[in-house]
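Pasting the structures here.
What follows is a pair of complexes built around subunit A, which joins subunit B in one and subunit C in the other.
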Partner chain A sequence: MGAYVIRRLVQAVFTIFGVMLVTFLLFRVVAGDIAGAHLGPKATEQQKREWLKKYGYDRPLLINRQPDTRWYDTQFAHYVSTTATFKTRSLINNEKLSDTILERAPYSLAITVPALALGWALAMVVSTLVAYYRASLIDHVGVFLAVLGMCVPYLAFIMGGQWLMFKVAPSMAYGLANPFNIFVPVVISVVAGLGGSVRFYRTVILDETTRDYVRTAQAKGVPLPSVMFKHILKNCMLPILTNLIMAIPFLIMGSLLLELFFGIPGLGDLLLSSITNRDEPIVSGLTFLTALIYVLGTLATDITYVIFDPRVELT
Partner chain B sequence: MTTTAPNPAILAAPVQQGRSLWGDAFRRLRRDPAAVACFLVIGAYVALAVGAVYWYPDFLETQNYSERNLPPSADHWFGTDVFGRDVLAKTLLGARVSMTVGFMANAIAVPLGLALGVLGGYFGKWIDDLVVWLYTTLASIPGIILLIALKYAFQGIILFEGTFIELNLSGIHGLYIALGVLSWIGTCRIIRAETLKLKSLDYVTAARASGQGRVRILVRHIVPNLLHLAIINFTLGFVGAISAEVILSFLGLGVEVGTPSWGTMINAARLDLVVGRWWEAVAACAAMFVIVLALNIFGDRLRDALDPKLRI
Partner chain C sequence: MGKFYAIAGLLVLALVLAPVGFLALRKKADYGDRTVLYQTYSAKVKSIDPATCGDTTSASMQGQVYESLYTYHYLKRPVEIIPQLAAEMPEISEDSRIYTFRLKPNIHYAPNPCFGIKPDGSFRTRTVRADDFALGLKRVADFHLQTPLAWSFLSERIVGLDEYRARCEAYREGDFSRYDMEVEGLEAVDDLTLRIHLKAPFPQLIYVLAMQTYAPVPRELIDYHLATEPGPGDERRPIPISRRTAQITQVEQIVGTGPYQLTHWQQGALMVFERNPEYRHGFYPTEGEPGDAEAGLLDDAGKPLPFVDVLHYECILEDMPAWLRFLSRQTDVSGIPRDVFDTVITPDRDLLDKWAKQGLRLSKFTDPTVFWLAFNMDDPVMWASKSLRHAMCLAFNVEDLIEVLYNGRGRRAVNVLPSSFPAHPIAGPGPYYRYDMEEARRQLDQARSELAAVGRLDANDQFPLLTVDLGGRDETSRRMGEFIRQQFEPLGLRVRIELNDWPTLQQKVHNKQCQLYAMGWHADYPDAENFLQLYYGPNIEKGTNNSNYRNPEFDALYDQVTVMPDEHDRNEVYARMVHMLNEDCPVLLLVEPMYYVLTYDWVKGYKRHPFAYGMTKHLRIDTQLRREMGGR
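Right after this comes the complex of A and B.
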């Protein structure tokens, strides 16, 4: 067990390093003329050089081979040390990333946490219902609606929801003048995700329903609802919770489009504006943040699995 | 001594031919009305996408300022847009972008996933470690962020300028590549797991015992048994590519400015809904809904037909 946890931790460190490397290559190497993008087309070579020097973009990329310098005095080392501590500063307004995150994260969390909880609860209820009445009309209609819901474009849900709010209560269709407005994107997010979740949860529940222990329980005369709630749902929780944990980091940025449509100043909104402004340190920092949460989430899930399911082999 | 003559009835009976996996899958799909219907829908989209280029070759020059923002009518079935252009034409040209992006992205991603998955699964050791590290790393970064970032980094880059394979990475070519190099992870995972399983089966051991080389076993005995998984992933991967194209184009990071696509249509019509001009956004969303539904159902049926182990 201890060895397994240590091995998974080492793997996580390698993954995090990989994320750093990928984002570094993407934003520093592929991205091209960043000084030109910030200074405008009229900037002279001299100005560009000064700009690059000011922000440390003139250092060697990976290894410093110049005499009288430390070999690790490079862009990559600097990038890793500032990004991993969230000390990196915006190129636009020089604000520290950790401050910006603290200021904006509550808005994103105000959408994603209720959306995740409500979405999970609602999908659980609906999928238990359709699985309980499997192969009946309720099941067929439920699955049909779930598939239809999965195929409606996400943008259509957002636009439709916003349009509906304009018709019903125009003051709630944009911005946060009224704190209750936050529930509009939450509801849209829940409805948009319901189809996919119901379909997945139903498959998981039905997989469990065909197992031997369920038949044994029924043969012993345990009533069906009791089998459903006491045995099946309990055993379904592991895959479902895994699915849920994996969704968390994506939800943090996943509300990107919702924040854009409803004018909510969260992290998704920050990411989009930083990308348009070529605010490289902020984009890297936010990407790193989501990757970090994802890696820690998977680590937690794997360890939970080992604790709760003795059948899982430690590999 | 008597010789028993062969029973003529047995000789006359037709030889019972075994069906291959592919023949069997084809038969199953043909008998499944939902699969046939979805296949026809997909075929219709491809046909319309190809036809649209010939029907509306100079769509961008068809501005007509006396016919701006007209609701659907007999002349313009889907109405007209802010420049007085036919929304039906725009939707069909958008289908062309979506279908091409779906095809090209998967034409890059699926072979890439297949190659990496087979290499990692079959050769093991450090090659496998490298492949697993690569896909865990990429999977840790939310796909949409990586796509936006890659597409952003691509801006203004033109590869092989002036040659016949010129690639303008700011536009649709960049979409093919960005989606292609980012969406192989699912295919790779499945292929790697299946390769690990096949590698330890008796027929592979038998092939090795008969003296066949590693590369020969890989090419002749393992890869052919993985192709059905690649085909399934190709179909299901279309949905992801189409959705990603729409979101990127909506954000202005997809196709070149001015190219009709469902994403740019939704972006253009986004603020029109409030004033009652619903037709452009609805046309784009409905077109996307129908093809995504058809691809999802067809992909599921294809998987059921091609993956006999899933059958009960």
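Right after this comes the complex of A and C.
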């Protein structure tokens, strides 16, 4: 497995480098008047030229062919060195990306981690319940509610939930004046995501219930709850954990809408607002971060397969 | 298996509860029995450094902390400039090139460790000196600081300052010895006298120095906060030059003379300002404009400011949560989101009774802003036919635009100046800035001959397809585009709408690739020069005249008027210049927007100022009434 992990890590370096190159080129191609975007409509041409010089946007893109200069004294080399070390600074407020992430990520995680954990646990319980009572009224009602939840837009859950909170407990409906306020967006996130998860896990569990070993266990007189919790759920873990682990890399980036509506100063809107504000170093840094944790997340998923299914071999 | 489920359950419980522990560790706001103003803001604060301030949200926050030499009278309209840190209006030399400012004595900065620490652990302060203003101006000129707005008003104005900026480039950003370089035009004559030498007369200097972006900066701030960092024990150690930044970015680095100190700033979430104990020089005005006394705006006349102890500002980027928060009486002041406008305001633009009965009050203000569609005068079609420009102005139903897209919040702009400017009524409305389809058709017939004469009609002798560029891709821009297209349809003009993001629009405007495009201007100061510079020929090169309008007669008047010391004389010339623009129509004027603000009855003394920031110090909160009415 060691060789496999090393090989995957080497591949990851190339993947991430590719992501960085594409992001760099895309931003340079679609950047428009980046100096004008930062200096505002009242800036003069002279100011724009000075700005481009100050931030190194007047350097060659990929290779420096100017005499008496180093070939790598380019925008791309600067971009790679500052992005990969998270030393890049915002063009808007000069803040270092690593500081921004350290300051904001805990707030994002304060919503996404409990929402993931609670959502996962609830979805497991509900889906096991509806699968256990398959084709009964409980199953029908459960599936109906799950589909209904999937049909309601996420924004509707947020606005409805917040409106309700403003009616019943206004001080809890916005901000984090009280630490327990965090549970309002968490609960909304769980409720909004429950339908999809229940449908998915129910299908996974039902797929498993038709297996031979289940029939054998039941034929031997093992009670259904024992079959369900001791055998079926254990064997469902592979797709369930895949689903769970693949969600982990995205936790740090937060939830844009929840953070916006509930005044959570997380990373949710940072990527979007950085794109809108042409804050290219921050966009590049966050893209790098996402690529990095996604690649590591998929690797972690593969390793987990080995732990939960001894038949899987990583070669 | 049971153990597995138990561990999983415990893990889930721990993960769910962990954030509460993290959030409980944060410093909690406890204002005790102090008076607090609760308000929201809808855009992120980009800067807390006076020199780098370039957006209105940052400016409104900085206005609580920083002060400049002059400010505006809170109540009087038309606006009136008054001394703030200056003791009086400046002494101006005969050739209008030397301004001497005398400072008020005994103005203290807010206490800060950069001035030293007293034996009891509290921070020292010191009085404001003339050289602090010189340092503030040098920072605005500093090549290493991003000061586009502040520098645009000083560039090519002060003797030696442009040269200073050029010399700064050779220094590293963290090498603050550049602030020791002398600038010929900035002279601290003594502690309380500042002299500024101008390259040429610049009568608008007084307005420029009313912006807090030119606030004084004590040298101790640079040497303590930007050049050193906490070391072992109580010592501070130097920061290596390579690691220093020249910009003020941390709460503790803010040192101002204003009524408040910033005590807490969580980017994109919360700003808390607390009363500056050293602020003693502000008093509520004793006179205003007619109607102010009846509106209760003179009830606090002559009282020392500020009235509120703490300003608690929450950043809420979305309209609806901010609105719901206001309705639930968690905040004191609010705008009205477009989506709920009709449920709050009557068709004749008053507050609906049901809201008035709940203790809400409506205030309406027109800001000195004008929006327009600019004609690119370098475009062969737009340039060739003045009648086509006239026809398009006459065919545009601006009143409908205001009703449909602005909820009626605005008025038609009838010349290029905001209606609150003294030169606006002197110049009067432009003959083509009205809705008149008959006249538009007549002008269009004339336009057809003009374009035919220069070969600009298409193969079928029709008007060429016109392109309008807008700086936005959102729903509002799409609706605006559709509205524009509909306006020119009855004339038979074919129009294509291009939606761009803002930087792309700017790039296209810079490259002169647009034919018509949406633009606007918010006044920086109440002098028509601020708007007329947008049509001054030499400013095409600088990028500020982006309609590419050229008129030698206009340029000659501009050269003449910008150095005229007397405001009344200037306004006469401004009016002549506006007449030229009214005739040539380099822009299709649209709207002067209007703002509606709601306050609860417990908020006293609210009057929005069109230019000045930092006026919150005039607000008083009746806390007892707030509690009685269900507020915080």
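Assume the second predicted complex is superposed on the first by the 291 of 315 C-alpha atoms of A that agree within 3 Å, B and C clash if a C-alpha of one lies under 4 Å from a C-alpha of the other, contacts with A are read in each partner's own complex, and residues count from 1 in each chain.
We take it that a residue touches a chain if its C-beta (ideal position, glycine included) is under 8 Å from a C-beta of that chain, and two chains touch if they have at least 3 such contacts.
The model shown is predicted, which means the values in this text are computed figures rather than measured ones.
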item	value
First, second, both or neither for A:27, with subunit B first and subunit C second	first
First (subunit B), second (subunit C), both or neither touched by A:19	first
Of subunit B and subunit C, the chain that contacts the larger number of subunit A residues	C
Which of subunit B and subunit C A:201 touches, first, second, both or neither	neither
A:177 touches, of subunit B and subunit C: first, second, both or neither?	second
Partner chain in contact with A:273 - subunit B first, subunit C second, else both or neither	second
Contacts of A:263 with subunit B and subunit C, given as first, second, both or neither	second
Contacts of A:86 with subunit B and subunit C, given as first, second, both or neither	neither
First (subunit B), second (subunit C), both or neither touched by A:76	neither
Shared subunit A contacts, counted only where both subunit B and subunit C touch the same residue	31-32, 159, 162-163, 166, 278
Contact set on subunit C toward subunit A in their complex	1, 5, 8-9, 11-12, 15-20, 22-24, 26, 28-29, 44, 46-47, 54-55, 143-144, 146, 148-149, 151-152, 155, 245, 247, 249, 266-270, 314-318, 320-321, 324-325, 327-330, 501-504, 506-507, 510, 519, 541-544
For the subunit A and subunit C complex, residues of the former touching the latter	31-34, 36-48, 50-51, 54, 92-95, 100, 103-104, 106, 109-111, 113-114, 116-118, 120-121, 159, 162-163, 166, 170-171, 173-177, 179-180, 182, 186, 229-230, 234, 260-265, 269, 273, 276, 278
Subunit A contact footprint on subunit B (complex, rising order)	133-134, 136-142, 144-146, 148-150, 152-154, 156-157, 243, 246-247, 250-251, 266, 270, 273-274, 281, 285, 288-289, 292-293, 296-297
Residue numbers on subunit A that touch subunit B, as the complex places them	11, 14-16, 18-19, 21-23, 26-27, 30-32, 147-148, 150-156, 159, 162-163, 166, 249-250, 253-254, 256-257, 271-272, 275, 278, 283, 286-287, 290-291, 294-295, 298
